[in-house]
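Have a look at these structures, which come just after this line.
Each of the next two complexes has chain A plus one other chain: chain B in the first, chain C in the second.
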Partner chain A sequence: MKRALCLFLLAVFALALLLGCGGDSENAATDSSANSVIAYVGSNIFDSSLDPIKGSMPYGYSFVTNALLRVTPEGSYVGDLAYSWTVSDDALTYTFDLLPDIMFSDGSNFTAHDVVFTYQTVIEHQAENEEVDLSRLAYVTALSDQVVEFVLSEPYSPFLDVTAMQGIVSADAYDSEAFDRYPIGTGPWVIAQYDPNQQIIVHRNHHYFGDAPHLDQVTLVAMDDTTALAAARSGQLDVVKVNPAYSFEDVAGMTMVPLQTMDVRLLSLPVLPLQEKEGMTVGNDVTADPAVRKALSIGIDRQTIIDNALNGIGHPAAGFSAKLPWADYIPVDDNRKDEAKEILAAAGWIENDDGIREKDGLLCSFDVYASEDRFALVAALAEDAAHLGIKIVPHSSNWGEIAEKMHTASIIWGWGQQSPTVLYSLFSGEAALTPGGWDNAPTYINPAVDAKINAALDARSQEEANKNWIAAQELAGKDFPYLYLVNIEHTYFVRDGLDISPATQVPHPHGHGVPVISNMKDWKRN
Partner chain B sequence: MLVLLLLVSVLAFMLIINAPIDPLVAYIGPESTLSTQAIAQVEEHWGLNQSPIARYFIWMGNVLQGDFGMSMSFKRPVINVIQERIMYSFVLMGLAWTLSGVLGFAMGIAAGLRRGGLFDRSVKTFCLIVQSSPAFWIGLLVLSLFAVHLGWFPLGMAVPMGVPAAEVTMFHRIQHLILPLMTLTIVSMGRITMFTRQKLSEVMDSDFITFARARGLTEGQIVRRHAWRSVALPALTLQFASFAELFGGMALAETVFSYPGIGAATTAAALNADVPLLLGIVLITAVFVFCGNLIANLLYGVVDPRLRDGGSSA
Partner chain C sequence: MLRQKPRISLTPRSKGSTRLNTRTRLVIAVSVAATYLLGVFIWGWFLDPSSYAVHFESQFIPPSWGHIFGTDFMGRDMFFRSLKGLSNSMLIGLLASLISSAIALAFGTASALFGGKVDKLVLLAVDCCMGLPHLVLVILISVALGGGATGVMLGVALTHWPELTRIVRAEVLQLREAWYVKASYKMGKSRLYVAAKHIVPHVIPVYIVGLVLLFPHAIMHEAAVTFLGFGLPAETPAIGVILSEAMRHIATGKWWLALFPGLLLIVAVLLFDTIGENLKRLLNPASAHE
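For the complex of A and B:
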């Protein structure tokens, strides 16, 4: 019996060894094909469709498909499939002139009819597209093969963002099921192979109208986040998304590259005292005091918080990123502890024996609810705010609980997108007191801000819109309904000798992972 | 069987409805600037605006007609998502089940024969460690040892990275199967080993073994001719009844190794509150576990005639 067992174990071991050795040579073979890259950019891409009609890749950069416009690394819009566009005086009609002689990856011609088809299909199936919102688009028509016209039901300046997000697919080839995995577009890449939950292999699209990609093939692999670091160490991957917490680990042959994002982390601070308002319970007695909100904003030390919570990766922020044309960028001037303490004392908040401030028996303390990944940031903030005599109680939470608490407690949010519609969500008094959704958590209602927001939405030009967006942020900023903390950076391990061209990366939108492929056509091996 | 499926689906549905993830939130993302009109359309399309009871009955009605609905995250029919993954899981589970059964039984016998010996003590320690540690952690250990430090096996997935499907060979597939298989085998081996070990020493103390010893048989002969039969039956039953745990272990092993089976889909569905997909998987799992238990019960009757009279009330 024992001998049989020994023999069996020996056989298993021998088999393992045999297969293992084969594996070694296999890996070496993949590595030697120099013009291909294997990357782990998060698994989200495997959990959804690749069809832009169903909301795939809505970030304003080209991958398999192109949109009419695209975002530049500086954050402005330039033509992609369209070379010029005009907006009518009533701000209702948008007309795009399309580039001629563009071909889809299957060799067929791209015309205005493909644009019309794409938008119409999205409107018909709006419920399957959670990224691009066309509810204000009345209709879209092709004036000729090269000109397409959009008519809106009401003025809506962020529509231009939509045209930079919505990838255009081939009308003739469209097949709702096939396009989930093998969409046909005009972009620099074409899906060569899709293995569900394993890998997506893309090849260079030979019909691409722009500069051809340097690489022949890129393989995006699925993986669990917890194994990503181990994967990087194995030497089999060229690009690996890692959490900032692991970014200073040594990985032989790879260098950690932090990339710019437009993603900020900010706390909502309810501005009203606790009350029932229009059937909703809103407000918080501590954060309702403007002195507390202002003292936090000028008194905390954001750099120390970032050092403690994020390994020092990210930039202190007092507003949205300067990379966004509609952002009211405010240079950070914080850690003014004495000034902050004076403000608090003047407002009647006096330190008690425990070092926590009190006013008329009310403790200067409030709860902050954070999704699990942001808990460390709030904990670091709480530690720093304690120096001001403000007690912040961090809670690791989930989005269900956050939805319940968002109007009565402080919540840490992550916002980062090219479209200024986020400002409507954050500051509009019209969006306050609407149950469901994530709008206006602090219940901040200011008619002057609303007027600027509406002026921005109705604007005829981007300049006019941006001017009003900035004015709205300036006005709201005086009341500190939000405490901005950090403009985060996304971290990746990149194999030495592979250039992912940080200069042409667009600032990444919200969501660590996929955005790194925004400029994949510029990647090259040195 | 039908009653069981009905109950399982009701229970699963209630659990998902009460889970701290709102399907709408999961669908549009926690931070979304989608207009209220568009959100209303999403709710309408996926039926999220209806009461949970109405949703359950609509789903049930469709399932009775063979329609398991659309997966909210993959935006494909649930049945397709399950179909293209189930073979991977069946192969993985089938092999792990057999291997853990055979190895566990053999180790249990070997350990039980010399209770208190060095081999017995190391087997016992090993089993206790394995049984009390999460499958996920064991998977990570296996991964970092064999795939990263030793570099013997690929990191994960069922096919080599960046290789066209046409060039993927059987050898590749086996190579990619080994680490998840090893993990799942180790995870499910503990129970059967400990059980066999315990059972064997009980049998070895019984009268008929004492009689066999008196006839001058060696310990090896006793095990081969008598003891193992008495142990094999309950061990086999236990192994069949452990399908449920096997499934749980598989979900985690697949996640660690990005193995494209049904377990990885389960984790993805749960995290995205993909109710239709989760329910579809739950139903399939229920059938599977039910079959395992049924076989175990039937085997009792077949192998042990004493249980057949009125005993096989499976």
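For the complex of A and C:
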């Protein structure tokens, strides 16, 4: 009897404890009415230094620091720390006029010397920063407190992208160790508290030269996706990065917001037959047939694939996003199954009894290797390609295995960045057959494309560069070395009453999570 | 006068028990368990891959008559996928156990028979292997061999021999002192001959029990390593893969993804254990009272 009573009391106690916990989380929810926000934007931000000199925020969000230029939501460049810039006729000298009266978050003045210091320190410690390539920068010098001049050793049109990405830090305050967690810049936010792998608390920078942020404080927390979803449900978070797979989950008091990205998912299709080339095994006998590559590109139904694998989130893509000035935007006109089948039949691929095409005893089948998070996309593609008689065998893989297979099998890639140098990585024959790295997986070598790429890199103006970048894509597009699938969208749950200003969000670069903070100063509670 | 019946019976029989004796019951238990497991294994082996293929139009269907274990995020039928997964796990477990027990038999016998340096070497290997946590060692070996089915299989195979080696060694040490073994030596037979003709046949019962008891270990470790992402690739139906995928959907209330495959795994492991324990009593009755 005593035992039973004890058990009963224990149960009551446990229940009370549980209810008590529930009460706490209710409090947290109501607490969000204060002018602060708690956000989960993935845990990548905790994995590396916050110091821009070591490559933090390489896509140029104005968070703690600013770059000389910034990208607008429409994809063009405008001044940020600089108000105007000129490029010399020989495309070797870039001169930036800096805004006056800008202060760092510690109250000291920002001048051209800070710019020079930042770039010089990056060059001196290039090994610590793989995000920015300054190898063609001969020197940088301050012509006055308000004017800075960069001189290149050879023309390099993507240098302008670099100046829009590289955050500037305070030369006087710079301390390599301290800046890993508490960098001092001119940005709208200042790091107030950094708890490794727990949280980063930022406060409004009172010295910020632009419009002051609406919020007083933002806390970025470290969690994993499923914990974050649970925390969102219990009302503890205001902004939550969410995988498209869960994006239609019902979370009380929150709305799912899809944000546009410049990130595409594309398959590399090896263009050479299987062979040894310069000591490397490259090529694939099935994808080497242009008919197979073209049939896939026009025959698959991208929208169905997106509906199946990504809950319908994202846009069918046949090239890079129209938001990028250098992209050769191609409207999607796919699901032309009959036309695709005719192309395959004309090339000698005839369906066998299993519904898979064959040519001279070779089965029209190839392997696709995908990192785990992209497996569903490839599985959905495989299901659709089966209607064409092409058997795609999806493999869920790791990057080690992908590195081994990237030249002989198809790989699903994710590319999305403001700088057109991605086109060099994808299409340049010079980048093919270089062991290590992820460049030119299909071993696509076309001298005409290379000429356009080199013309773009050497261009004297952005217009000329973009014209050549587009021409390079047009030329390469005729050979279908890649099968573009989708321009993905990044999905977030946002608490009702919080406006994350989708209109001022720049198209997100690669990496779901952090890019949402690019316009955090425009977030406000209604 | 009525004489009372004697109350003492020579055959103890508890109230309500059936007329089956212990031995028969053990045999029945072993047969039932073995039939179930063999059934799962063979069914899974010959399963048509289209039964657990991707059907995006039927994502996340809770358990129903059409899909008794429900479907997952790619619309795959979880019953057939789990069945195939368990079957795959059993195949890997079987191969791993066979390799493992063969190593154990060879090492154990050699160690006891040759003694001296061989014995020391084997014991050192056993200690080395047991000194590291099993799972860590399995992951190490699996990753070093490039992962996949071969990696996991060899990983499990190369880590599960030490216990059985010790048991076999202890058994052989006893047998070595037996009169008939000594007699055989005196008649000029070689060590190999004695091992093959006199020792191994006597170790077989212990060996078989050890082999069966290795099974659940092997299956659990395969599932665990795969769960952690170091084993079978995600496109293979395997219980570890299924459970790790299910973890991602627990937060959204898709309970059936974890529950049924998990139950299937536990039942299989428990049944193997039952078989092993019962076989032990059948083949080695003297130890039944331990």
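We adopt the following convention: the second predicted complex is superposed on the first by the 496 of 526 C-alpha atoms of A that agree within 3 Å, B and C clash if a C-alpha of one lies under 4 Å from a C-alpha of the other, contacts with A are read in each partner's own complex, and residues count from 1 in each chain.
Criterion: a contact is a pair of C-beta atoms (placed from the backbone, for glycine too) under 8 Å apart; a residue touches a chain by one contact, two chains touch by 3 or more.
What you are looking at is a predicted structure, and each value in this text was computed from that prediction instead of being measured.
The wider contact with chain A, measured as residues touched, comes from B rather than the other of chain B and chain C. Contact with neither chain B nor chain C is seen for A:Lys337 once the two complexes are overlaid on the shared chain. Once chain A of one complex is fitted onto chain A of the other, the partner contacts of A:Gln198 are limited to chain B, with no touch recorded for chain C.
In the superposed model, A:Ala230 lies in contact with both chain B and chain C. By the document's definition of touching, of the two partners only chain B reaches A:Ser36; chain C does not. In the superposition on chain A, A:Val221 contacts chain B only, with no contact to chain C.
In the superposition on chain A, A:Val422 makes contact with chain B only, while chain C stays out of contact range.
Residues 226-227, 230, 398, 401 of chain A are contacted both by chain B in one complex and by chain C in the other. On the side of chain C, the complex with chain A involves touching residues 54, 56, 73-74, 147, 229, 233-235, 247-248, 250-252. Touching chain C in their complex are the following residues of chain A: 225-227, 229-230, 245-246, 249, 307-309, 372, 375-376, 379-380, 382-383, 394-398, 401. Listing the residues of chain A that touch chain B in their complex gives 1-2, 4-5, 8, 16-17, 19-24, 26-27, 30, 36, 38, 43, 46-49, 51, 54, 126-128, 130, 133, 135-136, 177, 180, 192-193, 195-199, 201, 217, 219, 221-224, 226-227, 230-231, 233-236, 371, 398-403, 413-415, 417, 419, 421-422, 424-425, 434, 436-438, 510. Residues 20-22, 25-39, 41-42, 44-46, 73-76, 81, 84-85, 106-107, 109-110, 113, 140, 143-144, 146-148, 150-165, 171-172, 174-175, 178, 220, 223-224, 255-256, 258, 260, 264-265, 268, 272 of chain B touch chain A in their complex.
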